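Next come two complexes built around chain A: one with chain B, the other with chain C.
What follows is the complex of A and B.
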């Protein structure tokens, strides 16, 4: 088979004030028609750069400095803008990560399709519209004709990604570059979109490059895999070989770090293949330290009790009650979390799991039901001293490490804020000492205190969030998708840190996630949520081996199949 | 949408009620109206008589109700100085001001948006840099200095345009316009440019900032990846997405144009309501001041209402209410 795309010795560099950064070094890849090539690596590995370099849309000031990109035997490097425009869309299509942002919100889906079809096919307006309907039907959108008049915000995330795919297919390209096409989607939608891409690839003899950080996606869709690490392709091969018997050390540790869905382990194996390595950090002695002060007055019993909790949001306002559209976000939810337990809440987006967390943390007030935190009713008298004390004992760690820290505050002040607010120390000097200790303990080092959040990576920021949560000496941590914005290797270290802290401090954890393998490793018991209701509450191992509820079974079926990974990590 | 407009309308009424109360209080707190009307040598009896005529001895609430009732019928009383009905005076002067504001708003919009788009797209060209540097002048120099400078250059030095006043008006019966004659246009150009300069730079900078932001979004990148032409990307995709914040500012700004016209009209001796207001302040002609206050507030409120409705037209997400 001839190569559709052949990249040879590609170098991409970004000249900056402090010197030139090489985002890709000597990258060589090939893609054949009808083949899916998975380009896998962690953030910053340069995998998206390769995709952008192919269609000459590198972010300024990036440029290709060496190597060749042969597409159907023609060199793509050094083409002018007009020539590239004829290649983009017509011969190479691209799909981006976030369907929420890759469509113009002010234009109807039909108008966006028609303009693209007119450009790529030289069709008249009516013909283009017929073609648009055809395309939408091909990507599995029903009632395509009516949907042409709809705006992007009237589609769900998965449907929007289908529209994006239809747009990418509009010019009948031979190669599709999909940059993290399913990262922003739910598991069930993810499976559908991957199926669609694979099916289109086979039917149309398309070459597909899937850029992703998710080994599960690779296992499901790729025929061949190229593993990238720091701008270089470290290993290329068949998907079965790469996942089953990786040769390079980095690939081995990357695959080992993928949380296992099949078996519960004590700790997550982390990616130890890190050039330069990390410094070991000073941990404090909990028994004697300020942080462990309340360790001894732990009691047994329920840490969080939630009874018949309900909350609805108004979707559409109206004076008349019957015209109002309401969303029952949380509907009759009841569960109890015992002290020292890790309780998992799983479900797809929109299932109400985060809303439950926010209700417990007091960020929303429930319409119905009751919440008790360490035996204290926090709903009926939220301003009482006892409720305040209960809230101090309950802290939250949020999903997005970028927006959950105030970028104008130093790390010192971020972590010290709960200590100062609850007046937990006698002097400012003691506060600063404790902040330093906390930062040491979470593996950042006390020196981080004087810096600002933007100087840290996602994983480091999440450590700051954890230090901030610990600063009020909590007994309960609510972790709302704490690692879903992070790379696999970073995820493993953060989850290990949370596990360690829980054991040392006897913390109770409410762990919210859509990632079943992670939940299996973290939690003692799990509640499965759907449409604001709890489907089932089970012991973790029971849920994974013998799920009771139909929806739990459905979710488990959707877990990426990892059987290929078996031999490598036994 | 009806719900939304009704809500805005009730807010507007509240604003107008507050403004009318403030303008009413002018009568009682700014000078003694009787002193302003009669000469130094008026007798005590004359003064008492005038007080009674004006109803100044009635309780405050009665006076306010009367004021409101009259106002709703368009009656703002007699000017203390000219002794003519205020509403007549305002309507005489209104066309001049509105035409000035209209022409300068058009200049500000056309030039501001065009240059904003240009500097947003060709970020690094020397022309963009030049436009941005010059635009700083527009923001930082006060209107009257720009006006005087323009008069000096174009009227005194080059003698191309008249230095002040309004000429070439055509009476349409209900409206005296100066936009139908060459003379009229020659007279309006300088004050209109002076008035528009500040708004123009504001719009320019806003459109530019919004363009830069929109150009970074995923949907622009995706449009590029589909091979769409630069023109389609810049105008069909980018420009419209910059418009929502721009419309907000324009709404506030057109109100601002009316308010700023006071200075411009004074500099150019433009016979509009602004100039009338300044003269009224000089003579403590309270009825004119009060009426002008109510009138400007009404314009602000109306413009903002129109702006809110425009959101619906531009952004389908608001229009369809999800």
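What follows is the complex of A and C.
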């Protein structure tokens, strides 16, 4: 088979004021017609850069400095903008990550499709419309004719991504570059979109490059895989061979770090290849340390009790009550988390799981129902001293490590804030000592205290968040998707840290995630949420072996296939 | 970018993207140079100026209405000529500029403190408080700024006893201009606050149990200052113009303590008698000053907005 695309020795560099950054070094790849090539790597590996370099859409200072890009035997480098525009429209299609932003919200879907078709195919308006309907049907949108008049906001995320795919197909391309096409989508939609891409690839003999950080996506769709690490392709090969028997050390650790869904382990397999800058744990004797004092008054019983909790958001404001549009974000939710337990809350986006966490944390006030934290009612009189005391025993770790730390404060001031505010220590020296201990304890080292958050990587920032949460000596920790913004290798170390802390400090943990394999490793009991309601609350192992609710079964079925991942993780 | 030692403050300052962007933007450096020279020259006017326009012993009506030194009839000691009272133009401009800049700075500071305080409270508390504050701002924005300043200025003077009017005129003008531009600051601060308040670090602070004022002061305020700073720079230029306009209309600083606006007004009366320099040089000084400050503001807006970089 001849190569559709052949990249040879590609170098991409970004000149910056701190010297030139080589985003890609000597990258060589080939794609054949009818083949899906997966380009996998962690953030900063240069995988998106490759995709952008092919279609000459590198961000501002970036440039290709060496190598060749042969597309159907023709060199793409050094083309002028007009020629590249023809190639991008007609012969190479792009699918971007976020369907929210890759469609124009002010144009109907039909207008956007027809515009693209007219530009690329020189068809008349009526012909173009027929073609648009045909394309929408191909990507699995029913009632395509009526849908042409709809605006993007009237489509769900998955439907929008289908429209984006239809747009990419409009010029009848030979190659499609899909940059994280499913990252912004829920698992159930992810599977459909991947199936669609694969099917289109086979039917139309398209070459597809799929750029992703997710080994699960690769396992589901790719024929061949190229693994990127720090701008270089470290390993290329057949998907079964790469995932089943990887040769390069990096690939091995990357695959080992993927949390497994098939059985429960004590710890996540540690990855020693990647995350730099974390120092070995310095064990403190918890029993005698300041941190551990809260252990002594530990009672057995319920840490969090949630009863018939309800909250609705106003979607459309109106003076008249009947004209208001409300969204029932949380609807009659009841569960109890026992002291010392890790309780999982899973569901797709929009299921209300994060809202429940924020209700418990006191960031929102519920419309209905009651919440008790360590036996104390925190809803009816939220400002009372007893309620504040109970709330202080509860801390939260957020999803986005970049926005959860105030970038204008030193790490010391961030972590020390609760200690200083509640005057938990008698002197500033003691505060600094405790902050140092905390930072040591989460694996950052006491020296980190004098730095600012921007000097740290995502995983390290999440460690700072954990240290801040521990500083007020909590008994309950709410973790809202604590690792979903992190690379898989970093995820494992953060989850292990959380597990260790929980055991040492006897913390109660409410763990919120959409990622079933992670939840299986972390939690004792799990509640499955959908549309603001709880479908099922079960012991973890029961849920995974014999789910009761239909929706739980559906979610479990959608877990990415990992059967290819064989010997590497044994 | 990990180093074994935390960076010193100076290293961090040099490493700062804003500082770097400044050092690599010729327009910004020129604008900053002009602005700082102008400001320094005006602040140190008593040390630099060849004459003291407030000292009657140095003024001679015989020297009145002399043209600039390079024109026939000019005298070398009066570089830019003299005005109708025989004051040296260069010295008067320096002293007048000093007053204009001081009034501008003070007015902007007043507007900024008031606007940012109200804006942050409005954005963070929301609800009725927000609605009330922002509606007041909206109403105020429907009235042209200069008219409002004239109004406040007029009311302010009316409340002062006659003998204090001259003395307190400056403060009344500062107050009038400051009260006129707070809505700009309030709007910007409110917008920035609403963005910041939804970020997770603010939620984390709320979960720690910090009271609202502490969150606003320690967490939100420092993170809203960038856009406010941009508005403040452009606001400074506008405030200087507002002062000049008020004084030109005879509503601002009395002619006995001249500002750039008063000088232009006085010169205006002699323009058709051919004494162009009395109004021309103060006007040029005003234009250069405002232009430089505006350039600086534009550069700052671009440098502080990551999307434009």
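In this section, the second predicted complex is superposed on the first by the 560 of 570 C-alpha atoms of A that agree within 3 Å, B and C clash if a C-alpha of one lies under 4 Å from a C-alpha of the other, contacts with A are read in each partner's own complex, and residues count from 1 in each chain.
Assume contacts are C-beta pairs under 8 Å (C-beta built on N, C-alpha and C of every residue); 3 or more make two chains touch, one makes a residue touch a chain.
Here the structure is a predicted model, which means the values were calculated and not measured.
Trainee: One more residue to check, A:14. First (chain B), second (chain C), both or neither?
Mentor: neither
Trainee: Touch test for A:455: chain B only (first), chain C only (second), both, or neither?
Mentor: After superposition on chain A, A:455 lies in contact with chain C alone.
Trainee: Between chain B (first) and chain C (second), which, if any, makes contact with A:465: first, second, both or neither?
Mentor: second
Trainee: Is A:94 touching the first partner chain B, the second partner chain C, both, or neither of them?
Mentor: first
Trainee: So, does A:364 touch the first partner chain B, the second partner chain C, both, or neither?
Mentor: neither
Trainee: Please work out whether A:391 is in contact with chain B alone, chain C alone, both, or neither, and reply first, second, both or neither.
Mentor: second
Trainee: Between chain B and chain C, whom does A:403 touch in the aligned arrangement: first, second, both, or neither?
Mentor: Touch partner of A:403: chain C, not chain B.
Trainee: Once the structures are superposed on A, label A:421 by its partner contacts, choosing first (chain B), second (chain C), both or neither.
Mentor: second
Trainee: Please give the residue numbers of chain B that touch chain A in the complex, ascending.
Mentor: 3, 217-219, 221-229, 232, 236-237, 240-241, 314-317, 320-322
Trainee: Per the contact definition, I'd like the list of chain A residues that touch chain B in the complex.
Mentor: 55, 57, 84-90, 93-94, 96-98, 101-108, 115-116, 119-120, 151, 153-154, 164, 167-168, 170-171, 315-319
Trainee: Which residues of chain C touch chain A once you look at their complex with the stated criterion?
Mentor: Chain C reaches chain A through residues 1-2, 6, 20, 24, 199-201, 203-210, 214, 218-219, 222-223.
Trainee: Give the list of chain A residues in touch with chain C in this complex.
Mentor: 17, 276-277, 358, 361-363, 388, 391-392, 394-396, 398-400, 403-409, 417-418, 421-422, 447, 450-451, 455, 465, 468-469, 472
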